[in-house]
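A short worksheet on the structure shown next.
Chain nomenclature is as follows: A, B, C and D, assigned in order of appearance, with residue numbering initiated at 1 for each chain independently.
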Amino acid sequence: MTNSIAVAVLGANGRMGSEAVRAVEAAEDMELVAALTRNDPLEQVLAAGATHIVDLTVPDSTEANVRFAVENGLHAVVGTTGWTDARRADLTELLAGAEGTGVLIAPNFALGSVLASAFAARAAKYFESVEIIELHHPNKVDAPSGTAVRTAELIAAERAAAGLPASPDATETSLAGARGADVDGVRVHAVRLRGLVAHQEVLLGSEGEQLTLRHDSFDRASFMPGVLLGLRQVGERPGLTYGLDGYLDLGA
Amino acid sequence: MTNSIAVAVLGANGRMGSEAVRAVEAAEDMELVAALTRNDPLEQVLAAGATHIVDLTVPDSTEANVRFAVENGLHAVVGTTGWTDARRADLTELLAGAEGTGVLIAPNFALGSVLASAFAARAAKYFESVEIIELHHPNKVDAPSGTAVRTAELIAAERAAAGLPASPDATETSLAGARGADVDGVRVHAVRLRGLVAHQEVLLGSEGEQLTLRHDSFDRASFMPGVLLGLRQVGERPGLTYGLDGYLDLGA
Amino acid sequence: MTNSIAVAVLGANGRMGSEAVRAVEAAEDMELVAALTRNDPLEQVLAAGATHIVDLTVPDSTEANVRFAVENGLHAVVGTTGWTDARRADLTELLAGAEGTGVLIAPNFALGSVLASAFAARAAKYFESVEIIELHHPNKVDAPSGTAVRTAELIAAERAAAGLPASPDATETSLAGARGADVDGVRVHAVRLRGLVAHQEVLLGSEGEQLTLRHDSFDRASFMPGVLLGLRQVGERPGLTYGLDGYLDLGA
Amino acid sequence: MTNSIAVAVLGANGRMGSEAVRAVEAAEDMELVAALTRNDPLEQVLAAGATHIVDLTVPDSTEANVRFAVENGLHAVVGTTGWTDARRADLTELLAGAEGTGVLIAPNFALGSVLASAFAARAAKYFESVEIIELHHPNKVDAPSGTAVRTAELIAAERAAAGLPASPDATETSLAGARGADVDGVRVHAVRLRGLVAHQEVLLGSEGEQLTLRHDSFDRASFMPGVLLGLRQVGERPGLTYGLDGYLDLGA
């Protein structure tokens, strides 16, 4: 196939990695040229003629993988966690000397979730009240979810920038916990229920109306459209982009 | 009109009372014969020929009103709060000597809310997980709502009777309040949002499925079908009934 | 294990059958003594010492399987379709001569779905309006779903019995299809959306309030608690029971 | 009060107009200087010193009212219907000669509804499937709602521009109407239920995930924040703006 994107998947036998292998193989405009697991030498990527890598490995190895890609002129789409501010600063510096090479690091590849967060941030300043409910399977060890905390922080920042006061709340007597966790002044409620996967609702209210932005993740397959979208655009977006929303067309 | 129910409304100028006046007037099988406010003598009820009273007054006067009704052979439908266990015991005793007279005291006349609570109690033992989310306008002073607390208690009792363990929850790290209030082991979350009135969701989950029972109260008008249903049945249900669910046909 | 239920699964290599094999093996109060596929002789069930069978085969063979079970004094839980009125009449006759033997045939084993339908039927007569929305994956070939049609029929029958008129609807101009399908006077809307599995909402409304009964099926695993509940009760419920709701405790 | 916006409300005794009178009076940065009804002469607006008008009259008089405003250098916020393409073209021409004067004509002033439509349009191209459910009180005479039709058209245009095929749908057998109305290839379902006011859900789905954008209008009061936002900005936005979304900050 000519002009297709030649992709190497790193971490190909992990849960996300094996999904990515299937997704790249199924994409008509891509070719899977390599699928590496933990101990495979990175040189295989070059030997296979890859122009793009997808890194879905572990925090300990993702930095070396991405440096290798950039140093060899390959574009990279990265779903591995562990990219601290310091690591990202180092990578930005490296990319400054690698003209034309692009890297996308995304903490979340579910398009619906990324869109819901972006919309919540944009809507935040137009409503008097806002609260967040996140709902997950009962095996989750942290509450609220990282996504809910980030969404609350985004919303709080937008409200503060617009000069809005806190959401109104006349509560005088309350059972402990009833009103949820306070994240920068935004109330966040975490439900844990057998049968669920990962879900989030942002509730925005003003006199006489409510706007609800809900995202449901039913399956890991939901991350693949975001990974493919990243692969299709990363070659034309040199430098480091953090967050898939940077690639989405949300403008007026 | 023959055979219509002759109704006296007590507390006729209150918010609920004025709704009741309108609802009784609009009902084809009822006749509004008296509408009393705070200082009107109860004897007006008898003079007007009422066979039924609706008490929507205040906790301080409801007991005297209902005693007067029972002592005069009138049936009573009561929406006023303040009926403690002791008051209800006294009333039951009084009714024992008033053969054929019925009294319905209902903390909640919204049919949908009463049905949702009854269904939640019936469903409780068939699911591994259960949580409650209630949502109200931000002027409400208590959290969670009394209805949510009672629903949680009902659910907890049904689960205990069926020998179910607590809903699963692997949470290890949590922001304070994120997991809601604990009411007899059932997590209850209270949302306060401008634009809302009174809403409640009971979420029940098991492997691969979820059942959601949601009730929305948009307007005080929602109480009137329950008041009318009470008036239509109280004459055939001697003695004291506590809770509108006692009048609903929920059997198999 | 003593006193455990000795279960044979028929159709053990089908999608539902293989789930049932896993579920029976995991149940502490059951023992899987046989797992038959298409060409295995039914006598294996007896040789293995089964006291109960689960039939998850195909319409062509389910009748013979269940007759074999009843003739040999085994209780049967049946999830296979194809049980026409005529077949069920024949089976009832057969069971009349098989004292103490029970058969449960259930078109739907998802407890939440069965409960939602039962609750919808009970609530139907207390609301002025009712409509149904069902939502499924886009590979489904029929619309609306069989479950939605049955739920609408149940609701319509309850409303008719209570003397209720049709739900109010002032629509004068409408795009074709906008108001959904008419099933015995109940409007039913069918949504088809990638990402979904099987979901249903019954919306009930009166002046000022709404009651929503929603069921979500995320996974075939949701049928297993119903199958296990059937196995635990069928031995004490001689004769034929049609529909899992007959085994549920929904009474006052 | 200095520097406050001097507002004249036209159509002040209509349902929307009387809400606007209250809202302007309550706004700290505005002053209500005139409130005109049907037969009041427009010159009262000038005599009262208004700098802005709010037109909430009827299609027959709105054009003359707005022309009068523009010819006298007043900014106008218009919620009246009847602004055809031809009328808007004429107005644009008039405004070309009225430097610095702004007019906002908005078919919908509910911020949440406008935001929900804008978000649906932006999200449309990122999902494989999309359908719309609108829900209204049963006295509504048209189905689906005008807002739902416009939202479907916006979504269809965005999908077409991105080269997306139709939402997948394997339906082979269907009851008439079950799959909703077809608006430019987008399925739209209209629910009519006592108790409701005006509600809309846009459902977007891809493999493994769903995004739901829901707006609830509980009360006409929900239009007032949009009217006030319009009044605050129209003076700095010369020329004609059609649609409140033109005033919202939705950019990246």
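The rule is short, and it goes like this: a contact is a pair of C-beta atoms (placed from the backbone, for glycine too) under 8 Å apart; a residue touches a chain by one contact, two chains touch by 3 or more.
Chain labels with UniProt names: A, B, C, D = 4-hydroxy-tetrahydrodipicolinate reductase.
Since the structure is predicted, the reported quantities are computational estimates derived from the model, not experimental observations.
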Listed chain pair B-C, A-B or B-D that repeats interface A-C [over half of contact pairs the same by residue number]: B-D
Numbering shared by both copies at the chain B-chain A contact, with half separating same from different: same
Of A-D and C-D, whichever chain pair has more C-beta contact pairs: C-D
Centroid distance [mean C-alpha coordinates] between chain D and chain A, Å: 33
Rounded Å distance between chain C and chain D, as computed from the means of their C-alpha atoms: 46
Multi-chain contact sites of chain B, meaning residues that touch two or more partners: 127, 195-196, 204, 206-210, 216, 218, 222
Pairwise touch network: line, ring, star, complete, or other: complete
Touching residues (chain side chain B, partner chain C) in the complex: 110-113, 115-116, 119, 122-123, 125-127, 204, 206-225, 248-252
Contact footprint of chain C on chain A as seen in their complex: 195-197, 216, 218, 222
Chain B-touching residues of chain A, taken from the complex the two chains share: 127-131, 133, 135, 138-144, 149, 167-183, 187-196, 203-210
